[in-house]
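First, the structure itself, so that you have it in front of you.
A, B, C and D label the chains in the order they appear, each numbered from 1.
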């Protein structure tokens, strides 16, 4: 650090600690002398191991965050909530028939949603959680899947819900149903797998395995490359602009 | 520090130059290097090629292998338990013990059960939570040659070339051969890969690939695969014990692996697990912070499995080479080292220097790309300095939306976008600063194509296993690797468990290891496995009292 | 058995709570029995609506344990036909709410039979609203 | 005519045929229902106590969203949604302080003044389209078909919300007569079917359904016609086993038939009780495998 970093005070489970500003909550907890066993996972916002509840001076509200993705603030009073109990009935995906009430029959408690939106406000990923639960209630599996896709299963939604809904488990089931039954299967895949099973590439692969390094290098250097974006039917990149993607970050940018 | 939309004034000046050169750069890509040029660059700039940062292993089956000091320290360390530990009372008796609850371990357990093992006779032990792993953090994609104009042959060549032709051919064959089948399995499990309306996968290029075969699920590909696998394992009723790392393998009197000693990290109670077969799937080593590089890895990536396997005499391979991902975040400080997926470059973002000029082909293999970034900062001196001293180069992310239409970043890279937004940077408008970060353990425990190590009863899969990527892994082959070899190891271990019975448990190898340490003249109080890195603040530790409470 | 009758006079906590929650004045009831006569589910009730009002006014015990609370489905026939303008459905809703707050859910969602899981959302949502707190 | 449309959960689940038929019929009448972009469950039953604000959040949120999306009037097909929304609207209008309290606890998301209009589809048909126009659109009158209109509770009660006289409602009768059907009526038309008791007191619902269908049959009815998706589910699935069940129609399906719309649009095969024999008997659809 080339600048001198001012110290701030955070309350960790009620005890004040003086920590440098600019740290994430997780780094601040560690700076204070805690060795985390629970409450830290990927440390990059992907695993959901570090849900944190906190209050701020001057607000009556409870806030939620991922400790590894949020800067510590002066006057913050926080606790980590590294585990949210989950109990779900096992299911066999292959045995499910996707119907309008499939999700509801697995999770009847979603009928208790009062649309209070607490889950959405609590979601550290900024997902429209309540809307995907509502979509689940009316059997719109596609919408549940798209809206819940960025869920990291931290469980904050579930801990805050007055109807005790297990939002992240609802999203998981919907996505698996969507992925397996609702999106069409890749047409070329079965063909390629049966080619492989028939041993179509075996002799060429075996041949290459036994090539000298020099021969292999020569083949490698002569490889042809696929044009990155040919604009044709199989153009890889042109499909990235998915018109159905509902993720909206407008609030995050402007807020 | 005054920030303007997330960046300090000093960096804003350079961003203006990047914006100025952008129109001319669209559609003009810096040429790729020849193999000779790559080699020169690597030897001069890649961290792995710095001789003073490494030393040879003094003993054991891979004696003489030159590895990073940080890794050598772990091999030259004392076990956490003595051979006198009471092994007479076995806590759990299973057919298969899987050590590691990330991608490879979960896949192995699922396939062992599909192969016929009773789920209640399988145990997955994991150090953190089920799924806390590098698998979950993988963003960009998974390779599989499943389109008509692609083939396992092309894939094979790409993998071999990327690994500098040091890969074990039979492992690469297994990798490319099983890939389409793995994708098909994922489809049946309901993994939501990016697809078009007809079901065609969206397939993108990655560094070092000659065909577009990168399957993705937005930029949460690893998360999506991992959470589906975890859900499937739960539905199959496979028991997982969390926060319980293995601290030592157990052998029987023949020296065959026969289970492990687990420790509950919260109560410190140990558990003796006797298993007919054991699979190590403990992942990588980024949290050893080689040469003090930041890392993209998860909290538990401390090479525990390598240590355990080496203690029972398993061969290691290719651990000389560690993968530095070219694009770790370099600004802001809170994000330092976090992965910026290669998909950003796959979608057209160019790396540029302080003047906004290109200096390298955007999709060289990772070690080459990383070395070029280091050269630009350290030798050429055209890196961009951050207020806290770290240097980096720009990755011109706004190009993605320009090339593919507004909204592409938000829909194809939501994790990246969300992460930068949290720290006040809009990557659709401004470039992002990157520098190489410690990413992947290329080598590891040596196995055959069925995951069997040189020690009977012990299997390995995933990042902890070596040989398949040679000295350098290509993007999209780690998600593939843990699926292919997790599956193969699960099936092979299940078969092994059917015909083998472990004998009396012993920790004699611990004595033998201590003996080798002494013989090699290593005198140390270091212990291994490391289990977790220590990030506690210096001031707090200076006043730390180690007293019983 | 001794029953203490308070006949609407004196403090009665339950009566008071019901009156506040339902915003109805129970003493307005003159026991004509129209509500009971009009209720399509009266046959399943163990205390008819008019009697229920009387029991509350008298402070008789056991009102909260009556099946009537859960049999009433809120069709509001009684409400519409009451010559004294009493919203009987609100009185029963108030009792349900008091009971749910005291004793917890009347419906075990996790134990719903498979057949109930095949119902339209409308049935489950309504049932959960009336049977869970 | 364009009206914002709130479908409700069940319309998207077990009552899709009602929606399909309604949209087809309205197209034929030049009315367009435009589904709200984002909506949530209305809560189904209006909470009747004074301090249960959280239960009012769902319908109030529907109105807040309606406004956000630039509308001031909303139509619905479902009787329970209609009732819940209309009463929440009334609550918001009469008790702004309660809406304010809800808004405060929900991060200011729930601002609403209670000044929107809520329309049941039957009101649109009766009051905006008119029976005359409907009669004029009939291509294949339901001549000879005798139906028993069933209203249930939520269309009619409480009377300040209901769309018709709670004691002697006429809207379904008038509509059916406009389509050319014969209508028989009875005292049980306006009595509750047992509603959500189907979840855990099914016998109670079965009793109500048995009594009502017996009355309908006694009066010579060949079918029940109704509006509410919950009533529909109960009548369609819980009729006594003893006699052949009476077919149960949504009025929109009968309108579609009378308008001569494609039977495929009307979801006639989505019912538990087979509708087709009766329709074939009255020549309202072509028998399967019959002459084209």
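In the analysis below, contacts are C-beta pairs under 8 Å (C-beta built on N, C-alpha and C of every residue); 3 or more make two chains touch, one makes a residue touch a chain.
Just so it is clear, the structure is predicted and the values come from calculations on it, not from any experiment.
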Contact-linked chain groups that survive once chain A is dropped from view | B | C, D
Centre-most chain [mean C-alpha coordinates] = A
Considering only mean CA positions as chain centres, point out the chain farthest from chain D.
-> B
When A-B and A-C are ranked by contacting C-beta pairs, first place goes to A-B
Between the Cα centroids of chain A and chain B the separation in whole angstrom comes to 19
Inter-chain centre distance, chain A versus chain C - centres from mean C-alpha coordinates, in Å = 45
For chain C and chain D, what's the span in angstrom between their mean Cα positions?
-> 27
List the centre-to-centre spacing of chain B and chain D in whole Å, with centres computed as mean CA coordinates.
-> 57
Shared-contact residues (touching 2 or more other chains) in chain A = 101, 104, 137-139
Note the residues in chain D that touch 2 or more other chains, in rising order.
-> 8-10, 13-14, 41, 43, 55
Check: chain B positions touching at least 2 other chains come out as none
All touching chain pairs, where touch follows the definition stated at the start | A-B, A-C, A-D, C-D
Residue positions on chain A within touch of chain D in the complex are 61, 100-101, 104, 113-118, 121, 130-131, 134, 137-140, 162
Residues of chain B touching chain A in their complex?
-> 1, 35, 128-129, 131-134, 136-137, 145-154, 156-158, 160-161, 165, 169-170, 172-173, 176-177, 180-181, 183-184, 187-205, 210-212, 217-218, 220, 222-224, 227-228, 231-232, 234-237, 243, 265-266, 296, 298-299, 333-334, 338-339, 347-348, 387-389, 403-405, 407-408, 410-412, 414-415, 417-419, 421-423, 426, 532, 534-537, 539-541, 544
Chain A residues touching chain B - in the complex, by the definition given at the top | 1-3, 19, 22-24, 27, 30-38, 40-47, 49, 69-71, 88, 90-94, 125-126, 145, 149-150, 152-153, 172, 175-181, 183-193, 196, 201, 204-206, 208-210, 213, 216-217, 219-221, 223-226, 228-229, 234, 236-242, 245, 247, 249, 252-253
Could you pull out which chain C residues touch chain D in their complex?
-> 20-23, 40-41, 43-44, 70-71, 73-77, 79-80, 87, 89-90, 93-94, 97, 107, 112, 116, 119-127, 129-131
Report the residues of chain D in contact with chain A in the complex, numbered from low to high.
-> 7-10, 12-14, 16, 38-41, 43, 54-55, 57-58, 61, 106-107, 109
